[in-house]
Amino acid sequence: MDVQNKRLTDEEFHRIRSEVLMQWHTGKEVDLDESFEYHHRMDKSKSFSALLKDAKEKKYILIQPRAGVALVDKHIELLQYLQDKGTADCLPSTIDSYTRHNRYQEVQHGIEESIREGRSLLNGFPAVNHGVHQCRKVIESVRIPVQVRHGTPDARLLAEITLAGGFTSYEGGGISYNIPYSKNISLEKTITDWQYVDRLIGIYEEHGISINREPYGPLTGTLVPPSISHAVAIAESLLAAEQGVKNITVGYGQCGNLIQDVAAIRTLELLTEEYLHKFGFHDVYVTTVFHQWMGGFPQDEAKAYGVISWGAATAAFAGATKVIVKSPHEALGIPTPQANAQGLRTTKQVVTMLKDQRMHMNDELKAEMDIITAETRAIVDKMLELGNGDIAKGAIAGFAAGVIDVPFAPSKFNKGLVLPARDNQGAIRFLECGFLPFNDELKAFHKKKLEERGRFEKRPVSFQMVIDDVYAIGKGRMVGRPHGDQEQ
Amino acid sequence: MSSHTIVLGVIGADVHAVGNKILHYAYSQAGFNVVNLGVMVSQEEFIQAAIEADAKAMIVSSLYGHGELDCRGLRDKCIEAGLEKIKLYVGGNLVVGKTPYEEVQKKFLEMGFDRVYPPGSDPALSILDLEKDLGN
Amino acid sequence: MDVQNKRLTDEEFHRIRSEVLMQWHTGKEVDLDESFEYHHRMDKSKSFSALLKDAKEKKYILIQPRAGVALVDKHIELLQYLQDKGTADCLPSTIDSYTRHNRYQEVQHGIEESIREGRSLLNGFPAVNHGVHQCRKVIESVRIPVQVRHGTPDARLLAEITLAGGFTSYEGGGISYNIPYSKNISLEKTITDWQYVDRLIGIYEEHGISINREPYGPLTGTLVPPSISHAVAIAESLLAAEQGVKNITVGYGQCGNLIQDVAAIRTLELLTEEYLHKFGFHDVYVTTVFHQWMGGFPQDEAKAYGVISWGAATAAFAGATKVIVKSPHEALGIPTPQANAQGLRTTKQVVTMLKDQRMHMNDELKAEMDIITAETRAIVDKMLELGNGDIAKGAIAGFAAGVIDVPFAPSKFNKGLVLPARDNQGAIRFLECGFLPFNDELKAFHKKKLEERGRFEKRPVSFQMVIDDVYAIGKGRMVGRPHGDQEQ
Amino acid sequence: MSSHTIVLGVIGADVHAVGNKILHYAYSQAGFNVVNLGVMVSQEEFIQAAIEADAKAMIVSSLYGHGELDCRGLRDKCIEAGLEKIKLYVGGNLVVGKTPYEEVQKKFLEMGFDRVYPPGSDPALSILDLEKDLGN
């Protein structure tokens, strides 16, 4: 497969399209011209792009849950509840895992069992099986914008159906929905498939309908150093922009150290714009989304509230445009509507309460921003070099060479040599850099930081630290100290 | 210290890889010979691997909520494949939503699992159980 | 009454003592020598002073609830629950309001009704009526130190009984338990009465039993600017030290603006030590306590968790020694044990998670510390001047002159001219300085800060801002903007 | 705009002063002639002040939890003192602990109060009620 970062021609697009729409019978329901009309008639309050612009300009923070259940009526009830009782500013429809793997037959079975048992046996909303008209029923039942949130390597049919169904934002990307979400699928395949999705959105843009695109920031959600996820976000932004996407929200999952997190959100926006401009994309509107802690949560709800609030506070200090909210049920299971709304209200309280406090530039913040910037540029520039200036080729070659490498990822196309661990202040550093293209100065920085922790903990820097850090927040700490919960 | 062979994996369309990596490390440290199939493992792959490696136990994880749908029938398939005696352990976030452990346990015991672990169980517990069930 | 900051002679002390012990029949149970022995036999894990020292040295943060019910058995159950399920590091016995006003007859009635109705009709634990032996039953039923928390202007009998009862820390002071907690009682009276309490603790110290003293920091809990509460804390520390107190925890109630709160905790410790040293008290061990938001809370529990967590996070960044925890029931009523433990666990999660992150010095923090320091010194020095170097006289004269003035205080001995309001970043400033002895530069600073807010909100700086700010956190904001919840 | 006289105060040993100051401001702004007794007001002081000022209503606050103990008998004492017609309003955190409003309301209506307000009630509501009950 010869992938390159080049806009699909109309001819290519339509050739693929005819195949895509055949993947499941609901594909027949999609009629692009009719969809454009539908979007034009839709209330502007349901435009994700418009809402994000408003928030960025007026400097307030949007809050959004994750949520999705098997049956349409229940899904509508759920979204209305999160809108009304959760004070969500924008809504999701989180797609179930079978749909994410295009197993529509199994989905059908899950839907039927869910009807039979009177509870959702699917872990999300199966939009493809429900089809365009059912999606519109969902959109029409709420007042605010709704986004498709998923984790689907091949998300082409899902995009066709949900966009025709009135969704105005689409999460994911050819890298971010591959590496953390699949095992055997090549990047060639997913990047190509996502070019289709981005082109589809480009076509909506050309018809005056702005659809927001959100590369998935947190990746595996577990101790991902900012430069890794930034590099992916930048690559996917360039890929999306090439296909005509104009409204992009780049994402980042909370690390937990305030300075590092603020530095990450600030640099994410700056660097994404920097690379977009470098490649001549001057009319792409960039916003940021901050994900509350994406790793293992404490099981106790009271403790989970603490983690949720700390994420909300960090988002406020960073000045992210949007924050994705966790619930007090996170460690145990998909939340009830009530628990989900509780997470939202906690978050709303914190972000509105802290609305007027942003972290101003200071030496520590500057130093952290410099580190992230240097690392991110090193990775992205190396990918570009490997791709001869083409980020599609560069991303593929980059993963193969391990110059970009996501910790804990299940994909066999990810080298898996990089190991992250927290430093003595809880910032995420590199214990192993693998083949990341970092210069000696950067490597020495990480080494020094982890040795400082090792000395404090009186133990060698080792894989045990990584394990301890994976468990730490779930056990009430951030840095996984050898004595666990006990104070030393 | 035990040196039995066990097969480890995350069943179904589930990609939660972190716990799997940690379980792999923990069981290996405890002396087991671990065949780790990683994430997104089908029932057939579990069985195939168990036969090939002559494994004494299958350690099935399911985190993403479809565990109930994914695990049904595994015991029968094992018996069909001649793995009458294999121990079946399952753990993770087995069903959709926060659910009392007793209910979940009952459901999976009825499906033919030998041991069922609640969310976030410490691997050390299952190591003790394995040593008990398999002898060491 | 001629009050002065001078150690009570043994003769004076014992003369007063014989009267005090007669105020209620349980006074008869107190035998000092027997008490000393009791304390010497007590497990060291129950010493508040020792625990505070340990925490300060090892840099971890103690968490403590408020809690108290009418009946001893129920009170024990409550404390055990908070220790075991709440992971509290130290415990309180919050005293009921009748006891606080020495209305022991009404207390008796409340105890009887509580027995009859099977629920606590008193808002706290009536230690005096229960007496020494019942107090010891409480102390013996838990593993960790227990403090008397109250609000009692004349707390002499309460101190005698609870200290003999095995409590190892005593909250309050002649100013902080007068001005916010009473209406008609003179400072002469309360300062004199608290000299007795402090002397009693001094005597315990002299017998090798260190009792921790905690001046009550938050005062009225509502928009109190740091310099006001700092000045009171310093005055009470000097009064306590003079009587022989050696272990003092100075307190401060969260304002909500991170920089201001961190600056407040840091300066509180520095300034208290500065003045103690100035007066020759070199062997007093000073720690700090940070109170989570003491003003009106949101009624919704999920939102309350957000407020609680933000307080916990601030305590961690400031590096306070102890944090006093609110519960998700705060706006509605005295919490159930469950709700109280939830607030504790949320707080524990946040303070342990953020344990390794302290705010380092930066320009903003320095500027805020400078402001608080200048204001506090201005007030304390002026009090000292009015008292001819005697802080007891100076405090009394200071309140009379309004050079120290607590917002929203019920006491008629408080001038009540000072009005606080939040600036545009949520820091608490002075809208009216009354007779506070601030120089023109300080006054201009506050004026400028509030005018900045006025311009932003397009309204004049006025009392309406104060009202809006009083309601704000309860309504999900920090700065009470004219449009309330709506984003502008 | 009403110009009735009302007596305002926080009953018992209660020192919560903030709400009282705001109520004073709100009722004055609404045109009432407010006699504010502040905090820590006994039943006798309320009655004395109402007689002296010829007040049409007593606005009793209780925040600290002893409201139940402090408010009992107020209606009877009012009647004894010849204040048969005076309106009695009460609000705040009236009992110890988070309690369903209906229970609290019932308890205080039985004690002889005319209107009972839940925690954190907006003063504006009671102003409308006062205008209704007293006429303007």
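Per-chain numbering from 1; labels A, B, C and D assigned in written order.
Convention: contacts are C-beta pairs under 8 Å (C-beta built on N, C-alpha and C of every residue); 3 or more make two chains touch, one makes a residue touch a chain.
In this text the structure is predicted, and so the values were computed from the model without any measurement.
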Q.
Please tell me the distance, in whole Å, between the geometric centres of chain A and chain D computed from their C-alpha atoms.
A. 54
Q.
Counting only Cα atoms for the centres, state how far chain B is from chain D in Å.
A. 66
Q. CA centre of chain A versus CA centre of chain B: separation in Å?
A. 30
Q) At what distance in angstrom does the C-alpha mean of chain C lie from that of chain A? A) 44
Q: Could you list the positions in chain D whose residues touch two or more of the other chains?
A: none
Q) What positions in chain A touch 2 or more of the other chains? A) none
Q: Could you classify the connectivity of these chains, where an edge means two chains touch, as line, ring, star, complete or other?
A: line
Q: Report the complete set of touching chain pairs.
A: A-B, A-C, C-D
(Q) Using the touch definition from the top, list the residues of chain D that touch chain C in their complex. (A) 12-15, 17-18, 21-22, 25, 38-40, 64-66, 68-69, 93, 95-99, 119-120
Q: In the complex, go through chain A and note every residue touching chain B.
A: 96-98, 100-101, 103, 106, 109-110, 113, 119-123, 151, 180-184, 220, 222, 295-296, 299, 329, 331-336, 339, 408-410, 463, 467, 470, 474
Q) Contact residues on chain C for chain A in the complex? A) 58, 60, 256-259, 298, 300-303, 305-310, 312-313, 317, 341-350, 352-357, 360, 362-364, 424-426, 473, 476-479, 485, 487-488
